[in-house]
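Presented sequentially are two complexes of chain A, the first with chain B as partner and the second with chain C.
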Partner chain A sequence: MKSVQTEVLVIGGGATGAGVAWDVATRGFDTVLVERKDLGEGTTGRFHGLLHSGGRYAVKDKLAAEECIHENLVLRRVAANTIENTGGYFVTTPWDDPAFGDRFMEGCRDCGIPVEEIAPPDAFRAEPRINRDISRVFTVPDAAIDAWKLVWDCAKSTKEHNGKILTYHRVLDILRTGDVVRGASVRNELSGEEFDVHADVTINATGAWAGKVADMAGCPGVQVLAGKGIMIAMNHRLVNVVVNRCTMPADGDILVPIRTVSVIGTTDIRIKDPDEPDVTQAEVEQMLDDGEKLVPGFRRARALRVWAGVRPLFKDVRAPETSDTRDVSRSHALLDHEARDGVTGFLTITGGKLTTFRMMAEETVDKMCEQLGTRRECRTSIDPLPASRTGKFYWLGERLSKREATMHEDQLICECELIQRRNLERVMKQRSSTILDDIRRAVRLGMGPCQGGFCMYRATGILHDVERIDSWTANRSLRDFLQERWKGVQPILYGDQLRQARLDDWIFHGVLDVEHLPTDRLEDRAEREHP
Partner chain B sequence: MIEDLIRGSLDHCVKCTICETHCPVSRATPLFPGPKYVGPQAERFRSGDVSPDDSLDYCSGCGICTQVCPQGVKVAEINSRARRTLKESRGIPLRDKIISRPTLSARLATPVAPVANWSLRNKLIRAAVEKTIGVHRRAPMPKFAGRTFQSWARKHDAPRLDRSVVYFHGCSTNFFEPDLGAKTVAVLEHNGFNVIAPRGQGCCGLPLQSNGLFDDATGYVERLVAKLAPYAREGYDIVATSTSCGLMLKREAYEILGMESDDLRVVSERMYDICEFLLDLQERGELETDLSPVPMKVPYHVPCQQRGHEMGKPAVDLFRLIPELQVVDTQRACCGIAGTYGLKKEKYDIAMEVGRHLFEDVTRMEPEVSVCDSETCRWQIEHGTRIRSVHPIELLHRSYEL
Partner chain C sequence: MRDVLVMGMGTSGLVAALRCQEAGLKVTLLAKGVGSTHLAPGTIDVLGYDPELVENPSEALPRFADRNPEHPYARIGADVVARSLEWFSERFDGYRYTGSVDENFLLPTAIGSIKPSTLVPETLAAGDLRKGGRLLFVGLRQLKDFYPALTAQNVANAKTPSGADISARAVQIEPPISGEADVTGLALARKFDDPGFLDAVATQISALVDGDEAVGLPAVLGLRRPREVWEGLQEALGRPVFEIPGLPPSVPGVRLHEILVAQFESAGGRVVVGAEAVGADTEGDRVTAVRVAAAARIKPFVARHFVLATGGFGSGAIEMTSSWKVRENVFDLPVMGVPADGQRFSPRYFDRQPMGRAGIRIDDSLHPLDGSGRRLYANLTVVGACIAGSEAWREKSGEGISLSSGYKAATTVIEEAM
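The block that comes next holds the complex of A and B.
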């Protein structure tokens, strides 16, 4: 059996894992990252897109607030390309206590968060859609951050520093000799190949799944509560600034303009299995009601898609049982299993939030260095990520503006997200995946209003060509992607999106008859039907 | 709220592409990426006062996309508002500032009309104008009449009639086609209306609006409706012979400029296109029908802006009342001019290509005149066909033998 040797094995390809790999690799360690699916496919890719200023926690959790504002400023420097500098409002709606605003201001000032109260009419002029009954408005340096771009870029930097990123590699077991963890055995989920990754240090950065991985290493009792939150993406920018309710953290209290959409979030429900977060009708209704409070007419606006993310909330097993996961600290937890379980070469980092992912990685790798008895300086707060070296923030019009130059020679494949053929082909070659959903995350294919209605079949044809796959595989990709898109649309089928779904349905069922497209070879089918 | 009304309408787009198949401009040039692209699609990438896409300026603003959209997306209005941001962020060219203020140049030129007209038809001068300002040397220019409609109206000996109607004649009738104004008055008087033509009617601001100068346009509308509103409040209907200017006060000042004012509201409620007004009379049995034969076969072109009134084709219905008049509806989308679009150096050829089929249809018929409600379209059609183009009122006037 083949095996891979490395200094550090990172398990988990979300922001935490990618951040750890970035940090480890840039400190000059040999690194391998394994992820059971694709990068950013779990919690990271399912959040609302907010780069916290810390304002959200300024009253309730000062430590978290301070971490946020610190990291907010660092990421603006090292990950500028993934950030849109939208700014943020905290607003007092008629449902909020106006006096909270004073505590909020005070909290922000205590934590070093730049805050300013502005006159509501000024806010209404800048953001004409927000509720005119808002009585107080505070500005903070919130921003929008593209988690996928962030994770890709961490991966890119890792590779530039000779690290390896192995996606679709599932950890089957943690390799342990006595009290020393020596890596993991993994399976390539696409080829079925199994092999061992031998490492001096193994870092468990699997978020809501961290307890399961720790169990494999024989370190029981790592309890990570899975807090499910749903988010709804609205078809366009209802606001261009992050709008938060000025109140204690609650459900549906935030509206984030991210890329071409605005995302309302979120709920917080404790679930048992992080792999199965479902969206309920009641949650959707609740989000729409909350959206209505921030932006009147919210229910009439077009909802594009709904999804559920699972936040990992580490819980001290000794603390009393609580069912509201929001009350559990959002700050991260770094578990030193040497101290905790007497197991060396193994660290677990979980909890936290996207805004603080870099800090979490830094702490983790500092701890690792300490255990290894070396000192290497952390580079991630100094050297910008590869795509952010120009130091320029992302801006909404970027794609539209870029296309001006090439529009006469390069076909537009995904019209909603303005993805051109050459770029799509390049990404397909780079990713070398036959899974259209992977391509989606890389370029946002099919993520606009028509939800793939017009680009999916085009992209399938191109994938067929680029990857030289057979038609059965291509058909499977198309159907899987269609199914994936449908999942997010089905719970919000009303109004404009329902009309879109009808048209898409005519295209895929009426014209293309996707249900009956052959997805395996004739021989295989015959074999299956008449064994 | 304007954000809901216009930008919000992009939510209705299902990407069906019907607007793209009807767009006369994207058919004529690849420089314009099409109404779906620059409208509901690109709008999602726009925010604030930054303008990412210059190509949107190739939209002529004809408004056909909004007309044909089965889902109710205000495509043209989205584009107009985006163009404003574009113009403001790039700086508005001197050319656009000049051609969007017809009253200003007309006031200067009217006293010296022969010289002005000679200049506008002098090839050397036009070449110089093209070079310096960017107005295409062959672009159609109206002739200054030398006298204004208002000066005619002041001397006009009006009969005393029971009913009154207010005439919003616009700049073009005042300075370029006072004859049309006089004929309109004659037709209205023949139908028992005393015609009030309020003095000091300025420009409606439409050319400013279509060139992205929204603030100036808003000022123009405010001044104009302040003149007209007192009449509207007294219960007078207002008629317009300029379809596009009428539409500006009926709808576009709300939907594109985002204005909300009481003056505008009362004026827009009372505003009628002249043919719409006359057809209403006919439907109530109040239209004089002493129409004598006009034995002609003429092509009729519905201007894009007239479609924006959403009133059908009242001129065609009126023509049916005229004995022996044969009218052929060209069914062509657009003549290309779109107000000031076809005047511009970089857009003249596109405008001529947009109108090419219409010009061919008209020329093939070899008519005495062609008919069209909108003045800039008439000038363009005359330019493209060398055949005189007239307002529907002219045919009614002839048929009434006034």
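The block that comes next holds the complex of A and C.
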């Protein structure tokens, strides 16, 4: 059996794992990262998109607030290209207690978060759609951050430092000899091949799944509660700054402008299995009503897609039982299994926020160095990620300006997200994935208003050409993409998006008849035999 | 006074309007914009899956209607479907349609599945795979909406009922278009109208053909003179040529629209585009006028008969709000078959979608009905995608329903008017 040898094995390809790999590799260790799906397919790809200023936690959780503002400033330096510097408002709506604003100001000042109260008319001029009954407005340095770009850039830096990123590799078991963890056995989910990765240190960065992986290492009792939250992307930038309700953290109180859309969220419901977060109609209704409070007319805007993510919330087993996961600390937990379980060569890092991923990684790798008895300086707060070396923030017109420059030389494959053919082909070659949903995350293909109605057929044809895959694989890929997309649009099909869905039905069933493409897969045939 | 006001100019509205006008009635055809003709392949698909492949629609239809009593075809009737197809074929000369209700063609789609269609433009027919064949798929480099290699591989793997041998391969050519990498299907179609362009393309393709292959191209072979372009290419290549419809906008659909509108107008019909019906005046079981918004004014359009051909959910004629309430926008007709919360859609995309069948219930003469089956208006008929009871995109029955319901509504109107 093949096996792989490395100094450090990182399990989990979300922000935390990618951040750890980036940190480990840039400190000069041999690094392998394994992720059971694609990078950013866990919570990281299903989050709200907010680079916290810390304002949200300024009253309730000062430690979390301080961590956020610290990291907010670091990431603006080292990950600028993933950030759109939108700024943020905290607003007092008629449903919020105006006095909270004073506590908020005070909390922000205590934590070092730059905060300023502005006159509501000034805010209405800048953001004409927000509720005119808002009575107080505070500005903070919130921003929007692109998690997919972030994890892939961490991966890129890891590779530049000779690390390996193995996506679609699932950890089946942790290898342990006596009290020493020696790596993990993994399975390539695409080829089925199984092999061992031997490592001096294994770092468990599997977010909401961290308890399961710790169990594999024989370190029981790592309880990670799964707190589900849903978000809905609306068709327009209803706002151009992040808008938060100025109140204790609650549901549906943040609206984040991300690229061409804005995202309302979120909820927080404790669920048993992090692999099955579903979206209920009641949650959709709740988000729409909450959106309406921030931006009147919200319900008439077009909802593009809905998704659910699960918060990894580490729970101290000794703390009293609670079912509101929002009360569990948002701060992260680094578990030293040597101290906790007498097991060496194994660390677990879970919880936290995307905003603090870098700091979590630094702390983890510092602990690892301490255990190995070596001192190597952390580079991640100093050296920018590869795509951020110019230090420029992402801006909304970035793709359009590129498109305008090459309009006559290249084809526009996705009109909604302005993705050109050469760029798409390059990414397909780089990722070397036959899964269209991976390509979607890589370039945001099919994420605009038409939800892939036009570009997905094109992308399938191009993938078939570029990757030299056979037609069976291409067909499967398109069908799987359509199924995946359906999950995200089906719960919010009303108004114009229902109309759009009908057009897409006509394209995929009427014009292309994807349902009756030749298939080599049993389940596709079975579906066809229903009445 | 106007005899008939038809709202909507998709296939169903065009057909109803043209037939009434030809019968000597005074018809106004009113529409917000063009219909889904500009998006759809332009084939008249009557019934393709039940859910197994349908080879002969006239044989399948009576059974299908029996088993689906709420389906539009159960109201329209198989005999009317057949008559409407004949009537339709007769409207086209020059650029002709071919086929009959007794058989379905099996035509390659732009991704290479094979799809049953009943009446098709002659320019598509040589792609028929029922008897197998050797096909060459030709891509045009500047058109991003056709991928011949994938199409060819899928077609080669296709299974037809006869099991006949199919072979297929693909080539790409780069037609002479200077300075543009991204050309739309409609723009290409206009270029094909130019004989010089056609010659250049023919020369490129003739160097690539082999044996007795038939040649398939994306459906962009001319907009103004498609028949000449298609025949010219067949002649130059010395072999059958066929078009393959693809992503919207659709060139064959635009041709269909233009031909029917021209006939309606030359028969004396009046077309008003850019006008939206927003409400109606009624007295008891009669509609007296439809209120129309155009140029920032609302004006009543009076007529003796009204045909609702506004296209259902797909065109915005029937809408669902964010509180999941459904409304038909002109007459506020009751919309039937809207599933309860949590049951509108199946979580699996390729499953039956209950919401897909919601629409207006009609009686056998296409008058709208309320929940208890009572006729609501005696001088209003409902046609096309507004009618409840079909998941047309899965059955492959969209234009078949539009054509036959438009035809039948005209019968109702003509009978009542005479």
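Following the convention adopted for this analysis, the second predicted complex is superposed on the first by the 520 of 531 C-alpha atoms of A that agree within 3 Å, B and C clash if a C-alpha of one lies under 4 Å from a C-alpha of the other, contacts with A are read in each partner's own complex, and residues count from 1 in each chain.
By our rule, a residue touches a chain if its C-beta (ideal position, glycine included) is under 8 Å from a C-beta of that chain, and two chains touch if they have at least 3 such contacts.
All values reported here derive from a predicted model rather than from experimental measurement.
When both complexes are overlaid on chain A, the residue A:R499 reaches chain B and chain C alike. When the two structures are aligned on the shared chain, A:D273 is found in touch with neither chain B nor chain C.
With both complexes superposed, C is the one of chain B and chain C in contact with more chain A residues.
Contact with chain B, but none with chain C, is seen for A:E404 once the two complexes are overlaid on the shared chain. Of the two partner chains placed by superposition, chain B and chain C are both touched by A:F454.
In the superposed model, A:T260 makes contact with chain B only, not with chain C. Overlap of the chain B and chain C contact sets on chain A: residues 300, 407-408, 412, 454, 495-496, 499, 503. The residues of chain A lying in touch with chain B in their complex are 128-129, 235-237, 240, 257, 260-261, 297, 300-302, 395-401, 403-404, 407-408, 412, 415-416, 418, 448-450, 453-454, 495-496, 499-500, 503. Against chain A, the residues of chain B that register as touching in their complex are 1-4, 7-8, 10-16, 30, 33, 36-37, 40-48, 50-55, 71.
Looking at the complex, you find that chain C touches chain A at residues 36, 39-41, 49, 51, 109-115, 142, 144-147, 149-150, 153-154, 157-159, 179-182, 245-248, 312-316, 319-324, 341-342, 344-345, 347-352, 355-356, 392-394, 396, 398.
For chain A in complex with chain C, the touching residues are 281, 288, 299-300, 303, 407-413, 421, 454, 457-458, 460-462, 464-465, 470-472, 474-475, 478-479, 482-483, 485-487, 490, 493-496, 498-499, 502-503, 505-507, 509-518, 524, 527-531.
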